[in-house]
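Okay, so chain A shows up in both of these, paired with chain B first and chain C after.
Right after this comes the complex of A and B.
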């Protein structure tokens, strides 16, 4: 898909130019860093949209990844660069195990269960005090990025990972495996009829999504140098899902676009003071009504042939 | 040895006996049809053979191996591939994408290598593509190979269902009411496709309502009525069978192809 490659290049350019624009302001730099990591979380959720499941569990896997990094970096004194991939692997493994059990559910049943998973993860972190220190949380996690340019280093590291992740997902979706995901989204029985082991590919998608969740959670944790049971909640999971939904499900650009617009939008709505959340929610509802295919359809680059509602039917 | 052996299958839904001790065998290389009036249990039988349902009693043996109760992908891997009624396709994909993906069982390259497009994965992709193009050409669909399925006419979609099944290289192809809703001309064209498939060495079993086409096409026929097998044999025998005629009494003789 040539347009998607062009789009990706343009996106890379934006990511490189943005820090130059916000260089002076550490506030805006932290905003773009957050957008980058949230995009990463959204990208994982996007993979579960690809098999026709609405996943509201990304916060749970972010929490798993965050705690793995926090514990390894503080109690064991490991380097973040070793803890990071391990965070992804642990979250992926947990996702794979849970996915095997819950992925036979579809539609709203799957969504409700994943939402419960997020809450269960928070309660687990709160009560497993030996491991997580409960509500006290783990603070003072040493960051590998120090000095005057710590912010920029963090930004570029996160952007690099995001671009890498998007490339992997794009390649996956353009390969035959992506085709298999699309058939599963469309009709699992028909896919099984010519021998696709549907259950296995569903678990594959969910495991990858959870891996992305673990990595994203680890990145946010190291950026904040702390983690609490309430660091990732149902609201985080819902947001990660919304980035895909509002960004667009047709391309891997969807989640970053959605994350950027939603996160920036919320920051900009601060001018409304106490009405911020209300205006934000209203804007989301209006966007969903006017652009059921997400913001991507606004650019006219993708045909409006699949309604989001059909995708997740 | 028979290719498919169905040994005395029963299926109970609560108090209802949908299938009552139904047994038959399908020999390699034949076209075998199961017919019967509405509610005879044809669909239940089909679902059991396709792995979508477990029998209450009895077994399904394919080349002597038990298949009943196994998951659908495993049944397809064993060589028994089904089609669906009406137009069951993937609306967003093109026919070529359909048949390329339906080559899945022939894949020898793992997920990681497929995603990163190694040399082996590229070779495989080309093979699947060529195989898919050949199947579509064979079935007269090459002109619409790149069009999303949602834009295709009904007739093409029916054929696409068969194309997908063929891409999985079945030993036994099971067709679920392949002639339903077709006019005489369309069903005779579809019957020719079925014959062509059989001539290539693929055994065909079909469940059907449309008697006329079935009588002309099948090597052997089993007749179901109210969950029981009334008769089994060559079409001419079925047409003369008293119990079959009785079961269809009140219907036009026409429907029996007499």
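Right after this comes the complex of A and C.
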């Protein structure tokens, strides 16, 4: 059993035990549900980083996914379970189309443009009134989870999806495609000179990342039962990126870990009242300075039989 | 029509200051400062408190804004970016730090200044009517100040010794160091200047518009659009980008009100970057 599988098993255990701990408190249950969905969004950013791009557009794709679900569930009365995969597909398709164009940009250019993309998505949602109802938003979206155990049902559904998503990403990264992604990340020109169709692979990575964004956005939307153009903004995109980077890029555990620590941390910092955001931002900067490779690098403090090379990878 | 051109010109001068600041830091340190908009907001608030509340003379408040924001830039460079830049060769580390800094400054602004939109009393009142266009005097004044400051900055970069050192550093850090340029000192200076420019731009725009604590991201996005149009790290690119964006805005708002112009600008930007990934004057990056 390799390390990452052990991690994953431990992670599954945590996810199953957590609702037992928060039992009865709907506040804490909703916190855990949020962490789960945000991990999903972070996972998409992680996939884009697998090809060496820092993606600050996840909010845009979450918005796309959220609106697809909202419109299908309210105006057409479709079931959420059909709307959910469609949300992912639509977001993925949009991501693929945009990706072919914008993935030619590298480094900070790509990051800047993705940030602008998030803003563009918000403005589009605000102005496309026939479809999105503009600033009024779409409210009263029917949720498939009802009754006494709605919270737990939502939680387990979201957790299952997250584990599935992490498995898909992990398998992908272990496959030949994962190897190609890593090659592209370390040197795109070199990869191209080997005859790797770099453009195709980076669009693939970005499409998958957008798909994850769409699913995550749909889940958040159905949990809140409403969506507005400002539901996902530049700040959301930035946060999704921070989850992924502060968690760590070495393993797919990174985004969930980052999301858990950051989101939980922010909730706990409520004791600081108006200084909450300030302490939160300062803590993030300190973490960056002390653990530049993310929280996962703490694992390196307990070296066991794992090969150092594997941790670094 | 004349009105649109005049509006574009007036806005363009201040926008250019914003773009010059962010492009300077990028050229010198290879850091894309995601906190540039937040520095701008700090400049706006300095003027709001000193000129608007404490009734200091405006020129003093303007200099104070440059000094305060320059000092923030100095602290950021000295205590955050310098150590990270030295330790890490990966560009994403510094970019993340910049994003973190933006979060921090946003939080500082919110905690200290609150969420309210802040404006200052009119600096000069009155409107000139010329060729069928209305030019408020306060806009004309900020335009003049922005032009003077921009020209001053450019002559500093072109003709003085520190300016030459900064340009050398932007071209080739190692060669500059071999010629006796103290990289730490000039890195600091570059950051201070870049931040100061953002502060001055904020100080000028608070006179014509207003400032609020959450406005940083919007300005950062505008700064990114400008340097993506013109090309990052190039002075001429910053100027071109600043005026192109300002004219697009003034034309856009004249034709369609609301938030539609920015949607069109952003869409056009994406289409444009497909054909010119490095901007009009930018060098190939990466």
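Methods note: the second predicted complex is superposed on the first by the 299 of 313 C-alpha atoms of A that agree within 3 Å, B and C clash if a C-alpha of one lies under 4 Å from a C-alpha of the other, contacts with A are read in each partner's own complex, and residues count from 1 in each chain.
Everything below uses one rule, namely that contacts are C-beta pairs under 8 Å (C-beta built on N, C-alpha and C of every residue); 3 or more make two chains touch, one makes a residue touch a chain.
A quick note: this is a predicted structure, and the numbers were derived from the prediction, not measured.
Looking at the shared chain after the overlay, A:193 reaches chain B, while chain C stays out of its contact range. The wider contact with chain A, measured as residues touched, comes from C rather than the other of chain B and chain C.
Once chain A of one complex is fitted onto chain A of the other, the partner contacts of A:179 are limited to chain B, with no touch recorded for chain C.
With both structures placed on the common chain, the touch criterion links A:242 to chain C but leaves chain B unconnected.
Judged by the touch definition given at the top, the superposed model places A:113 against chain C, while chain B stays out of reach.
Contact residues on chain C toward chain A in their complex (touch as defined above): 26, 32, 80, 83-84, 87-88, 91-93, 95-97, 99-104, 106-108, 110-111, 217, 220-221, 224-225, 227-228, 232, 258-260, 262-263, 266-267, 269-271, 273-274, 277-278, 285-286. Considering their complex, residues 50, 52, 71-73, 76-77, 81-84, 88-93, 97, 100-102, 104-105, 107, 111, 114-117, 121, 125, 128, 148, 150, 164-165, 167-168 of chain B touch chain A. Across the interface of their complex, chain C is touched by residues 49, 54, 98, 101-102, 104-109, 111-113, 115-117, 119-120, 123-124, 126-127, 234-235, 238, 241-242, 245, 274-275, 277-278, 280-282, 284-285, 288-289, 292 of chain A. Listing the residues of chain A that touch chain B in their complex gives 168, 171-172, 175-177, 179-180, 182-183, 186-187, 189-190, 192-199, 204, 305-306.
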